[in-house]
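Each of the two complexes below includes chain A, the first together with chain B, the second together with chain C.
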Partner chain A sequence: MYKSWKVLQPYLLATPQTLIFLMFLVFPILMIFVVSFWQFNGYAMTPAFTFENYVNIFSSQVSLATYLNTFKYVTLVWGLCVAIALPVSYYLAFCIKRESIRVLLFLLCTIPFWTSNIIRMISWIPLLGREGLVNQALLNLNLVQQPVEWLLYSDFAIVLGMVHLYNFFMIAPVFNSMMRIDRTLITAARDMGASGFEVLKEIILPLTAPGMAIGSIFVVTLTMGEYVTVRLMGGGQAASIGKLISTQIGSLQYPLAAANAVILLLFTLVMVTGILRVVDIQKEL
Partner chain B sequence: MPKFTRRRLLQTGLATGAALATARCGTPNNPAPGPEVNTNSIKDVTLRFIGTGVAQINDIRDKAQEDLGFKIELKALSTEENNQIAITQPGQYDMFDGEYFSLPLVIPSGNLQAIDVKRIKSFDKIASFFTTGDFNGLPVETAQGTAPIKVMYLSDQNSSEFSATPTDWATLIPFQYNADTLGYRPDLVDKEITSWADLFDPAFNGKTSILDIPSIGIMDAALVVEAAGLMTFGDKGNMTREEIDQITEILIEKKREGQFRAFWKTFDESVNLMSSGEVVLQSMWSPAVTAVKAQGIECVYAPLKEGYRAWGGGIGMSAALEGAKLDAAYAYMDWLLDGWVGAFLGRQGYYSAVPENAKKFMSAEEWDFWYEGKPAAVDMVDPFGKTLEKAGAVRDGGSFEERMGNVVVWNSTMDEQVYLVQKWNEFIAA
Partner chain C sequence: MNPDSAQPSRIVSSPPVSVRSADADGRADAGQMPTDARQGIVTEAAGVALRSVTKKYGPVTAIENVTLDIPAGAYCCLLGPSGCGKTTALRMIAGHEAVTAGEVLIGDRVVTQLPPAKRNTAMMFQNYALFPHKTIWQNVDFGLKMQRVSKAERTQRVGEILELVGLSHTADRKPNMLSGGQQQRIALARALVTRPQVLMLDEPLSALDENLRVRMRGELRKIQQQFKLTFIQVTHHVEEAFSLSDQVVVMNHGRIDQVATPTELFNAPASQFVAKFIGDNNIFEGRVSRTCRINGIESVELTVEGIGTLYCQGSAALNATAACSVRPDLMQLDPVLEDLAAPSTETNQVPVRVVDVEMTGYVTRVSLIVEATGQTMLYKARTTDWMGAGISVGQPLRATWSAEDCVFLPS
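Right, the complex of A and B next:
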């Protein structure tokens, strides 16, 4: 009897988590999947099994353009996040010697999270707007004669907003990976005559890869579904899949929105799987 | 050693499950159905409202609770969320505070019940374009779009068909509405804006905006392209697929030319765009103009020669209301038309469904300014104590009759709504 209790114990311990997981994650996603085959008429949806919504999406120029646009944002945001996170983390992990200063500087990286998303978005206007600080500086320095318009309500602004928001999700895991690198490895490499660049290439980058992979998963999934930043920073003029879905939900076209959500989920899963294939993040956990 | 066996575990598990299942049947929101005891006093009632921000104001709720004696809960939502909840979550509200153009979507859901107009005291005094469709022979009588009169009445109590002629069964009791137009910054625009076509004026390239809500945005866009002579419509309020294709094409072309600075979706976005100078000319709602002015920035709500786009909001009752709650709902609607709310909203520039009742609660100077289009004899102060207009100012567009009489379209839900949203997305994504 005692033995069977021992066998059951782990299952029982996992049960609450599993139930919550099933109820609040798996079940809703299944519902979305089911609804994506339903029909709708502007105010109501009727259970059915039709591929119309999917055909609609795959045959439309707009969805194609919107998906491409979303991938463009993902690529740019991911690339910039990596480009910023690597030197920042390197500096924090290897150049700062005192632990207290390191913690302080790391906390500084969280500043973007100290205010609400909406407030942050609004405060870009006085900075980047036509009469904003940047434009005033450029005009006063006589660098431009007309205010620069593409600073706000443009792809530039969208990417800037998202990098600003999500960079920390890349910095944190990369920094974590770098901190775990055994310093004696570097000393050994140096002793054997490796240059600074070779240390970076042969030791630091490979050992940081799992952190980059985890950061990439965060950044890619967050950017794929992004719609608030796209709407506010793009001035409503730019499209992303998330924004497309939100317009469709706003117009009560749930089945179409569901179909888009399923496709978006698939794309995201493919990308995450791809990342996991390239890098073994088990090492990190 | 604990006395657990598989059998025992199974028994306990099943018992717990059964107990949980039984308990769930009696959650507070879902009381066990039983004979209704009809001694409920109206005082014990709580009416739950959903609506857009305009009238979901605590001051109105507090006054209503004080005057009527029952409780009111407000939930302020965006236009889109409001429709969604009205259609998909009937259990969440007792009273629907929505717009007339939502009705072609909400009524077929069967979630609202017909309002017996005989029980509404001031029904006959409601502005006539709501109740009969007439208004002194002015253009509003033939306005296109989802004009309230087209969706005001149901053919009978249990019908979900709209009646073209007045019946005793109403869908919504109106209480606020307005005529919308373009707003502009006279300090940044060097000419007077007199036509919707000015939105496409190359002089304002990169400095205009329209709103990104399909049912409303498309009507503004239609007024613009028609005024600019770019295309004509059979009925702007109910476009054909070809017309939707054509107007989207024009809009996309203008977007590519860089005519628009941004699109806005919420009231505060439009205020930010205008007050920051990012946009100098855009479609706007009247309280947004007021909000810009309140920051000390000049903003004109331009009367245009083609006329206005109007919207109308009213109160509908959930199909589930009965007994004391139903009585409370009727009491609320009578109170709503009685004038206090009309005056409250009037001081922000909205019109009341029964102007003559609102007049009783407004000062003569307020009435003259907001409804008669006369110069303000004293400073105009809104219900929250903010000065909106200095003495001597005149309301843009003039009197009630001049403004509401010149409405040429109402916000619309078209037969081709699904297609419209699809094309609208195309425009946004282009």
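Right, the complex of A and C next:
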């Protein structure tokens, strides 16, 4: 009796997590996958096995453009996040000598997370809008004669919003990687005649790569499915796959939405696999 | 008298695999064999000097007015407890730490303001500081690459040095795939490949286990002799400093207490600190009550409270506070017997009692207590001798030693 309990114990311990995993992740994804092959006639959907939805997506100029647009956002947001995270983390990890100040400044980076995403997005409006602070300032300084239109409800605003939202997901792992770099490695490189730039290129960046990879996975997956920011900051003009799916759900085109979701998921998986192929993140976990 | 020095045969009989062949021909004719690949690696050693060097971190003084000369080609150990400034001194010579005041010279060049790479020195770090993301080859190649050495020459020199340390087959591996001893050799190869005049080693053996440490000690010494370089090593390990160095620099609180050969240091520590640090010397503090000549040698009579008078060689002003020290192996322990002839008046004698006996192998450590003062003393005997003596714990004894074996320590 006791022995069989011992054998079962690990399985029992793993059961709750497994059930949650199955019910809330595997099952819904399977459902989406199945539904993506169903038929839809404008009023009702009928179970079927048809590639019609996929064919529609790939033959539609609009949805292809939307995919391209999404990739554009992903690339821009990812690039900007890396460009911001590297100097910020470098400063935190290497320029700040006192541990307490470092912790304080790192916490400072998390302040935006103390309020909800929506509120953070909306608060851009009084800043960037036609009558917003930035335009007021520019007009008063006579730098522009007309309010600048592209500040809000534009690609610029969308990318700005997303970088603002997701930047910390890049900073945290990059900072973590940099903090783990043994400082004597830098002294050793210096000892052998490496310049500051060479230390960065030969030692710090390669050793930060795993952190960048983890951050990239966060940023890419989050940006790929993004639709709140696109809606709020894009002002109904811009499109992303996330927003497209949401619109399709809104008009009850479930099979089409499901097919888009499957494609989005595949693209995301390909990107994550690609990142993992390039960088070995094992050391960081 | 310690276990390691008592079995030198083991160190010699198992020479490290790699350096053996290099040592056989490399040492004898470094300058004669143009075909010898190693010949190209040999550089001119340079001496190192510190001139009134001071280092301050804000209000804290890490090094205070230190002057030191390390001759070219010497194996010098900076010895001291942690926080004594030895690592700071090393880092200042290497150029990783700015000097607050004073000058650093390498050869006859003043290098105080030069960056590390311009000093013709190389450093080997405590945990080797091998770049984990680079292969062994890239690690060793790094310094040459930074010095913009041509590709062909780099390939040749890296190949040579890896051959020399016997690790050519590991060239494509990453450092974490190597054992501690192998990593250490790679660190050494990486430091030597740039042909420095001075090699600096920061606690190079502390990450190794005891057996490997003894073996690596031999290897370091061999490489130093083969390359005829100046080695400056930081260590807190007395035995390591003794076994490796030509010159030992004992540091304490940012100052140099004594510079001497290991033998001098062992026989004649110059201060109480040195006497305590280098071994389990027994130290007695007192006041100079008389100066005299014993066997024609200038000597001092020290009055120690609770013990009486002790005699040691040296010279001092009358009534000065001072101390004397005796090595635990130079004393003699005798049972207190009525009929035992009283020793001559100028022999030191202290009544003691055995508190504890520790058999550590070749040596037996005997803890003693001076009944009158409560001071503890240590006596070391060859285990064989001790077993023959038939002394037991608790027994009252008389410790005696001659004035010659007693070192005078001015305060």
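In this section, the second predicted complex is superposed on the first by the 270 of 285 C-alpha atoms of A that agree within 3 Å, B and C clash if a C-alpha of one lies under 4 Å from a C-alpha of the other, contacts with A are read in each partner's own complex, and residues count from 1 in each chain.
FYI, a contact is a pair of C-beta atoms (placed from the backbone, for glycine too) under 8 Å apart; a residue touches a chain by one contact, two chains touch by 3 or more.
Computed from a prediction, not measured in an experiment: that's the story for all the values here.
A.B. asks: In the superposition on chain A, see if there is space for chain B and chain C together, and answer fit or clash.
C.D. replies: Here chain B and chain C can both sit on chain A without a clash.
A.B. asks: Taking the superposition as given, does A:G225 touch the first partner, chain B, the second, chain C, both, or neither?
C.D. replies: neither
A.B. asks: Could you read off the angle at the CA centre of chain A, spanning the centres of chain B and chain C, to the nearest 10°?
C.D. replies: Result: 150 degrees at the vertex chain A.
A.B. asks: Name the contact category of A:N41: first (chain B only), second (chain C only), both, or neither.
C.D. replies: In the superposition, A:N41 contacts chain B only.
A.B. asks: So in the superposed three-chain picture, is A:I122 touching just chain B, just chain C, both, or none of them (first/second/both/neither)?
C.D. replies: first
A.B. asks: After superposition on the shared chain, which partner residues are touched by A:P206: those of chain B (first), chain C (second), both, or neither?
C.D. replies: A:P206 sits against chain C, while chain B stays out of touch.
A.B. asks: Chain B to chain C: minimum CA distance in the overlay, Å?
C.D. replies: 41
A.B. asks: Kindly list the residues of chain A that each of chain B and chain C touches, one partner per complex.
C.D. replies: none
A.B. asks: Please give the residue numbers of chain B that touch chain A in the complex, ascending.
C.D. replies: Against chain A, chain B makes touches at 1-6, 9, 80, 83-84, 87, 104-106, 108-109, 206, 209, 212-214, 255, 260-265, 269, 272, 276-278, 413, 417-418, 421-422, 424-426, 428-430.
A.B. asks: Give the list of chain A residues in touch with chain C in this complex.
C.D. replies: Residue list for chain A touching chain C: 182, 184-185, 187-195, 198, 202-203, 206-207.
A.B. asks: Name, in rising order, each residue of chain C that touches chain A in their complex.
C.D. replies: Interface residues on chain C, with respect to chain A: 94-96, 115-117, 121-123, 125-127, 129, 131-133, 142-143, 146-147, 190, 194.
A.B. asks: Which chain A residues qualify as touching chain B in the complex?
C.D. replies: Spelled out, the residues of chain A in touch with chain B are 1-2, 4-5, 8, 40-44, 60-62, 65-66, 69, 122, 125-126, 129-131, 149, 152-153, 231-232, 235-237, 239, 243-244, 247-253.
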